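In the two complexes that follow, chain A is the common piece, with chain B as its partner first and chain C second.
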Partner chain A sequence: MLSSVPQTDTITIKYNRKKNIFYSDKVVPYIFVLPFIISFLTFYLYSIISTIMMSFQTISGLNDVEFVGLKNYMNLNNPHFFNALTVSAKYTFFTLLVLIPLPMLLAVVLNSKMTIGRNFFRSTLFIPALTSVIVAGIFFRYSFGEQETTLANAIIKSFGIGPIVWLQSKSTAIFILVVLATWRWLGVNIVYFLSGLQGISSELYESAEIDGANTIDKFFKITIPCLKPVIIYVVTISVYAGFAMFAESFAYWRSTPPGDIGLTLVGYIYQEGFNNNDLGFASAIGITLLAIVFVLNLIQLTLFGFFKKESD
Partner chain B sequence: MKRTLCVIMAAVLFFSIALTGCGSAPKQPANQAQSSNSAQQETQQKKEELKKTTQFSFWTFQALHQQFIDDAVASWNKTNENKPIAIKTDVYPYDEMHNKLLIALQSGTGAPDIVDIEISKYSNYLKGKNPALVPLNKIVEPELDKMIKARFDNYAKDGKYYGIDYHVGAAVMYYNKEILDKAGVNADDIKTWSDYVAAGKKVAAAAGVPMTTIEVTDQWTFHPMISQQGSDYLDKDGNPILDNEINIKTLQFLKDMIYTDKIAIPTPGGHHHTEEYYAFMNKGGAASVLMPIWYMGRFVQYMPDLKGKIIVRPLPKWKDDGFRSAGMGGTGTSITVQCKNVDLAMEFLNFAKLSKEGAKKTWTVLGFDPIRWDVWEDPEMKADNKYTDYFGKGIFDMLMQIKDEINSINVGEKFPAAAAAVKKDVMFKALKEQSLTPEQSLKATAEELRKK
Partner chain C sequence: MKMKSTRKKNRIITITNLIILSLFSVIALAPFYFMFVSSFKPGEELLRNGINVNIQPQIMSIKNYVLLFTDESSLYLHWYKNSIIITLLHTVLALFLTSMVGYGLAVYNFKGRNLIFTVVLVVMMIPIEILILPLYKLMVSLKLINTYFGVVLPFVVSPFAVFFFRQYAVGLPKDYLDAGRIDGCSEFGIYFRIMMPLMLPAFGAMVILQAMSSWNSFIWPLIVLRTNEMLTIPIGLASLITPYGNNYDMLMPGAVMSIVPILIIFLLNQKAFISGLTVGGVKG
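Then we have the complex of A and B:
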């Protein structure tokens, strides 16, 4: 009898140890975040490190790699890079200018219980986000064709303006890119702002009404301050998305816009890396782009006071 | 209560649909069982045949080329019953295919056995010490004396031929005879470029349409015109000569045609492969267009209203003893080093593209001018097809006249970059945007190419 007692004890201990791994507060969190860590290490960290290394090399083929120091970065000093930078910056600026106030206003309208058919409009405005930019881009590409009969030229003709060659001029290029971006991303930003609006307590508005505030006062004094976290988020992702834009430009001009009129930084990476088979130089552009977006986002977040402590 | 009913109904519906496919097969009568036995034997045989059949994969960016290869595989299997092959073709968009191939070759896995590579991308794949393509000298060299050799030099490096083209791509002038007649111009009287400009003025005055359209976002107007004069983007050693005197003069000539003589306009849509241009030209928008002979297919396919109105003539000359054509464009079919049966693939390519029969097929199936000139006078080439229906007969008689008036082009390592720069910068800035003069535009791009 006595001898059997320790035996059962060891079994329970072993069992408990096994159980302990899955019930341990220290180990389990790591197991749960493991899938993310693995995908982060393989698809992000590894790629970034490998890109940084490639940006110092000339790559001519499999196992045919030569270290060239800063040459790729020196080559960035060329008009195409600065054209691409200008286009990306202009595009980001104009998308911010349109895609923050417009969806915010629409979200306020759609959030109001007085609006008729608001669920219908919410879903129709969101649908473009579900389509492929390339597919929609083909539609836009033909709408902005240069014949008199294309959609865009037919519309401006009714205002008495002559047909415009949309796809071959610097000023119209940014315009048509922003039109496509607005059509596509408006719905997504509305959803962000709607979720923000629904978090604002109705008591605030009620007490403001009692104090005699009108609609405009309420919008600027209550709605916008309460939406600040959402605005910060939307601006951050818009800056990133603006600089990372590629598909819209590709839809209009494929990979080589004439005279760089719609060439973005990512488009330039594509051109150099794949069209010209210069992956080293393309990596250098990529790392520079990463640095630009990083710095811009830091500046913007600091200006918004994102890094200040809650208590300040 | 109602809800439970709904759930039950839905479940019944679901299972009745899901189980329809599960019905047991009806038992077969004895004789049918026998026939199914022989059918089994047949499939067994087929499987064995399939084992013997060598499978190849083929990538291209041009759906027409797939038709050509399928046709060649069918005739190969008829004449070579002991070594049948099967080719699985994937047609990708132009950029996508070239990029996919580049990555597959660089990473050493995933490339097809046989692949079509376009000429202005080709030298990207010959970079480095060991190109990932197989030299084809074994099949090319025995036939080279019957070929337009310039078309093989485009895909060669260090004396090794890596690709086989589909066509010569002789640049020609397509005239709209209806418009010329209206202006009282005879296309055969246009011998030089100054004749051409003079005729253009007549056309502009009488018919009220431009003589021609000039590509401002592509190279098919500029490149043939400089190639006619023996100039190019690069010299024999691959150094940029884009800003030499001939090129500057030629670009100035193009600009003058548009803005001084007013006989030409920038192509609607930028180049001759846009929907805008097809619609414009189809309505009789311009009296002529300079494009290679492979552009015939675009007329047939996209400009049906011009059937019977278009005549094909050699290009005007620059000097009395000047050349009347240029070899433009091209696609080299190559075998990658990842191919599992290189010898058989080579034999097939020899059969499909280098042989006499293959050369004839490039005309009958594709409407291209074959790289093998000894078939140009063959009676089979005179037979009617959709191209003779559209353009009339005698296309090859005209080609025979100009066969020795084609300069080769220099395809060095910088050719992809040079061609891309001409397409997107040089032409656009000098002719459309006019932000730079022709000289400045060419100089700026040439400098940039030298730095690379």
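Then we have the complex of A and C:
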């Protein structure tokens, strides 16, 4: 990817160029990329270094700082943290389980030449992605209310179950979080898979057909291998989004859920940092979260042979 | 005979596909329908029965909407205004800055370019949620808490947007650069007069994605914005979700009205929305 940028300075222009930095293709590129450099240094690099430092400190007031070594990390050994870790991990796992195969199959259906109204369906399936988590969350919160009459309880009643008190139990918490995520993200992942499918040449399928392959053979031997880059991309952003989830939980339970129901890692950062004003401990949670996301993505990319492909 | 059976088989596939897609479309659109219907019901009904399937014309009215926009205690118009200002500020700045960075990375071969591009890719993998604590401290010392700029500045140069513009600009014809130079154009002149118009489709897609993410963003505005009058729509709506108080009347119409602008933009520019998600993103 890096080597694909054409060399622009190979042709020497010998025309009279004014001696002005705005005319120098040695200086100007740095001015072009300056916004990123400034933004990176102040908002990202400074912030990360600052979080790492804060994670080794006890901070009471802006200037009252004490170095405490690994104490904040040792304090992570508590039920709230493990609860938050479990919620984030389960949520990520189940969103991956639902939001990879389902949109992939729907994309195959949408991509089929035998399907009519393809553009219409692509748009309707995408529309949920336009809403903010809070707006979608308001709908789901009141649909999963505890009353017998709510949408969710009315639906399960027709199967002879319920009513369930959805918002008050840890076991249903993950379910209603994943339902919200599925509703909002299905269309987006469909778009990713569709763009991957459109890159697969139809000749591959035609020659497979001549060799006597059936639909299922074609799906597993051609479609899935060709979609590998998209799958890697979708898994990567899903792991990232899964562990960074906060607003969904906030929409259901706000920042201090009773009994930690639906409390995520970012929710725990928010709670400790802004409700309890313990910036040092909150930073330790943040650094742990960063490490988890990086390690998971490294494992995932290695399993998919991503780095092997790069070095070839 | 064989032809006929294939045709029949194809028709069955077409109908099956149609049923599957219709089913999922209904699931995708149903919440909008229920929210819309509920927004006309009095708040006590939502409190008592949650969102439900019953349509009760006798209790439904536009009273909630009138309340939302005219009631003295309602801050919804403030939130709407704040959301619009923040979205405009963010989108204009983001497009201007990130397109330049992406373009610079794509067309010039300068020392440190690969390093900067690698940094862009790595930063895309950092959950911004872990930066909120130091950024909050930084914004306090810059006196930007509870200001529009405080919401916009930290994330205005998003690595994703830089990456997106870079991927697009790589495909631009480089002959224009030399043609511009021969005609005595400065490097910025080349960018603004020649290359930027060529990048219009990329701007079209990015304007929508940036506006959408800014309009809907939650965690950072939640932290920066401190007074009720300064909130954006999502933060304001979230503040209405409390176990006490009688804010239910405004919750549903407020939610419905927050979707309207983005839905209109989407229906007018579906293509740009969808291509914005995929150009460059997936090919890596």
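Keep in mind that, in the parts below, the second predicted complex is superposed on the first by the 276 of 312 C-alpha atoms of A that agree within 3 Å, B and C clash if a C-alpha of one lies under 4 Å from a C-alpha of the other, contacts with A are read in each partner's own complex, and residues count from 1 in each chain.
Assume a residue touches a chain if its C-beta (ideal position, glycine included) is under 8 Å from a C-beta of that chain, and two chains touch if they have at least 3 such contacts.
The structure presented is a predicted model; accordingly, all values stated were derived computationally and were not measured.
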### Message
Between chain B and chain C, whom does A:L130 touch in the aligned arrangement: first, second, both, or neither?
### Response
second
### Task
In the overlay, answer first, second, both or neither for which of chain B and chain C A:S207 touches.
neither
### Message
For A:G145 in the superposed arrangement: first (chain B), second (chain C), both or neither?
### Response
both
### Message
Per the contact definition in the header, classify A:D64: touching chain B only (first), chain C only (second), both, or neither.
### Response
first
### Message
For A:L167, using the defined touch cut-off, is the partner it touches chain B, chain C, both, or neither? Pick first, second, both or neither.
### Response
first
### Message
Between chain B and chain C, whom does A:F246 touch in the aligned arrangement: first, second, both, or neither?
### Response
second
### Task
Spot which of chain B and chain C makes contact with more residues of chain A, would you?
C
#### Entry: Touched partner set for A:V109, first chain B, second chain C, both or neither
second
### First (chain B), second (chain C), both or neither touched by A:P258
first
### Task
Answer with first, second, both or neither: which of chain B and chain C does A:N275 touch in the superposed model?
first
### Set of chain A residues, in rising order, touched by both chain B and chain C
62, 142, 145-147, 254, 274, 279
### Query
If you look only at chain A, which of its residues touch chain B in the complex?
59-62, 64, 75, 78, 142, 145-147, 167-169, 254-260, 271, 274-277, 279
### Task
Write out the stretch or stretches of chain B touching chain A in their complex.
95, 98-99, 102, 105-108, 121, 124-125, 127-132, 216-217, 268-270, 275-276, 279-280, 416-417, 420, 423-425, 427-429, 432-433, 435, 448, 451
### Query
Where on chain C is chain A touching in the complex?
10, 13-14, 17-18, 20-22, 24-25, 27-29, 31-32, 34-35, 38, 46, 48-54, 97-98, 100-101, 103-110, 113-114, 116-120, 123, 125-138, 140, 153-157, 159, 162, 170, 174, 177-178, 181-182, 184, 186-188, 191, 212, 215-216, 218-219, 223, 233-235, 237-238, 241, 251-252, 255, 258-259, 262-263, 266, 270, 273-274, 277-278, 281-284
### Message
Quick check on the complex: what are the chain A residues that touch chain C?
### Response
1-2, 4-9, 11, 13, 15, 17-18, 20, 22-26, 28-33, 35-40, 42-44, 46-48, 50-51, 54, 62, 106, 109-110, 112, 114-117, 119, 121-128, 130-136, 138-147, 149-151, 153-154, 183, 186-188, 191-192, 195-196, 229-230, 233, 236, 240, 243-244, 246-247, 250-251, 254, 266, 269-270, 273-274, 279, 282-283, 286-287, 289-290, 293-294, 297
